[in-house]
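What follows are several structures.
In the two assemblies presented below, subunit A is common to both, partnered first by subunit B and then by subunit C.
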Partner chain A sequence: MVFLSFVNCMRVKGPDKFWKRRQILKLAAHFYGRKRNCYSIAIRSVQKALQHAAYGRKVKKLERINLWKERITAACEELNIPYPLLMENLARCDIALSKKTLADLAIWEPRTFKCLTQIAAAKNQSYPPTVKAALQPPPEGVITRGML
Partner chain B sequence: MNRPISTYKRVQQWAVFGRLWFLFDAKWQNPFDSAEKIAKYLAGKHKPIYHPLSDVGDHVVVINTKDIALPNKEWRYRMYYHHTGFAGGSSWTSAWELHNKDQTKVLWKAVYKACGGSLLRHNMMERLHLFPDDKIPQELMENISDHMKQLRPVPKALHEYTEEEIKNFPKVFEWPEDYVLN
Partner chain C sequence: MSHRHLFLQSGFIKTNLQNGVGRFVNQLQRINLIFCKSSGSSKGVREFIETDLVDFARANPGTVVYLKPRRHRGTYMCAEYLNGHKDYITCNNFTRDEVRKWLEYMKNKSGFPIIRLRKHWHTDHPSIQGIWNPFTHKPSYLNVTTFPEKERSEYQPLMPSATEQLLQIAEQVGFLDNSNTNNTTTTTRNTENIPPPLNMSDEK
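Then we have the complex of A and B:
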């Protein structure tokens, strides 16, 4: 006779300790010193390293956005248009280009970027939010035919 | 594997990453505001290709640093602190005293501060060339290709206008002939 239910009554010891530790030590393989080999020290540094990695994933995005902003600002200064004015008026023109795309255009296609700044300047002129913008002369070489 | 690029592309890359030399006239300029602008050029933040780790900063040659204009009472009340490391070795030097000792030092320190605290600061400061007057060595003058706009326009003194310009300057009214000005 085979007792099939006997297996359920046995004491379950859980997963193998070795493989559980192996999982952590693998993550600590590139650490320096006893942090690499001793489990009780490795588990602490692995947990801290994972915290840093989680933080880094967030900061990486912010740093990239800041870099694109700096690059677009530099390109805007060359063309004598403030960065906020460009971004605001591109949005009002429904030109939905991301900061990454604008920064790439500023580097690789400077003439396309210049056209975008001129469109923004023309939009700012046609629907001026301030009196100062209305008093400035319209940008040269932009034919809008009243469609902006 | 490194693939060869065409001659045009190669020259284009040289042109993009080539260092430019800018001239800045510090006459009657606020050194602390100017320093931020100069630091921007030294770091290369005026270029769309800017990245903090790619070495794209330009050279800046500053002339007339003896004529800088500090705001308000800064000449008297701005103190530069130094400590020799020995007991009682602290000293405070006011801006006017420092300017008397070295006419480029106030602007140098302002730019040093504006460059930030990163490890790139030393290399950035190497690209800054300060001169107390408008005399630049010939080998530096040959490199200069552009100038940075001054933050504030330098007003013209009355004696610098010609007789004709003063005569034709628009007036609201004429003084009566028998009126004694002084």
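Then we have the complex of A and C:
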């Protein structure tokens, strides 16, 4: 008689647990209390921490964009041009400056930013959205030479 | 959260006295090779000393090489840089090739410790036109006025009143003479630099 199915009951030992646990405990090295020393407690905290990190990576980008947008809006308000108008008209002029660059210009290079607002205002003049806007005077100090 | 940053300190990129802007000066001042004359772990270092060390010293005239034979001690190399920073690398059981490569690595480093760079760029002059301050876009006559100023203290409505709108329309269409436009009902800001506000919406 040949016994073939008994072999299926034999189990092989897995990889060394030490290294798997060490990987987790290394991530938990700055946690408080037993969470940094005991594996079965640490694994829970580490998994949660990794979830927070994954979520935070997306949120960080959104928060940054919003911060830049706020800063550009503040700079625009000082120069009496609405933010959507600035962005739309810069896009119309093929001035592809990102929000980050515009925010940096508004802080470090304020006169350049002012020129950009004037360009946007001049472009807005050539594509007036409403009848009333068409009747407004063109912005001062902008020489377009027919390029806009 | 990258776990690489947990114990790695962070900082901003910097160079030693703007090295490389003009002439480039190698930052490695001294290199000490500590080894044992007899033990087996120093074999690679000993071989390196016998073969490649003189070439290294000739190739780097600005760097001083010290050899320290210390009995019954571990093998390591200690690099000292021009800004006073010291770096150690243990060379136990290295091959001659490995010693040479790690020595090259030490030679090519700047003296600053390895940190996570928060920004990969640096400038001493971030602003050319001057950093924005609340007075950047304000008219310069404010420097010589005494406050409170009557004109700037007036109430500035966001939208023109109905009367003003009618007058504007009449003027544009041509019902009014030009002499009648000097009415004081329009409240406009006395701004030298800032244009009048742009209206997004059409109001009738």
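Basically, the second predicted complex is superposed on the first by the 136 of 148 C-alpha atoms of A that agree within 3 Å, B and C clash if a C-alpha of one lies under 4 Å from a C-alpha of the other, contacts with A are read in each partner's own complex, and residues count from 1 in each chain.
Criterion: a contact is a pair of C-beta atoms (placed from the backbone, for glycine too) under 8 Å apart; a residue touches a chain by one contact, two chains touch by 3 or more.
Given the structure is predicted, the values throughout are model-derived calculations rather than measurements.
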- Following the overlay on subunit A, give me a clash-or-fit verdict for subunit B and subunit C. fit
- Considering only the touch criterion stated at the top, classify A:I107 as touching first (subunit B), second (subunit C), both, or neither. both
- Between subunit B and subunit C, the one with more contact residues on subunit A is chain C
- Item | Partner chain(s) touched by A:L85 [first = subunit B, second = subunit C, both, neither] | second
- Message: Is A:E140 touching anything from subunit B or subunit C once the two structures are fitted on A? First, second, both or neither.
- Response: second
- Query: After lining up the shared chain so the two structures overlap, which partner does A:A53 touch, if you call subunit B first and subunit C second: first, second, both or neither?
  - Reply: second
- Query: For A:L67, is the partner it touches subunit B (first), subunit C (second), both, or none of the two (neither)?
  - Reply: first
- After the superposition, pull out the minimum Cα separation from subunit B to subunit C in whole angstrom, please. 5
- The shared contact residues of subunit A with subunit B and subunit C are 75, 78, 106-107, 110
- Note on the structure: So, in the complex, the side of subunit B touching subunit A is made of residues 45-51
- Message: If we count contacts the way the header does, which residues on subunit C are in touch with subunit A in the complex?
- Response: 1-3, 6-7, 126-132, 136-137, 168, 172, 193-203
- Item | Complex contact set, residues of subunit A against subunit C | 26-27, 29-30, 49-50, 52-53, 56, 75, 78-82, 84-85, 106-112, 114, 118, 121, 124, 129-133, 135-137, 139-140
- In the complex, subunit A touches subunit B at residues 67, 70-72, 74-75, 77-78, 103, 106-107, 110
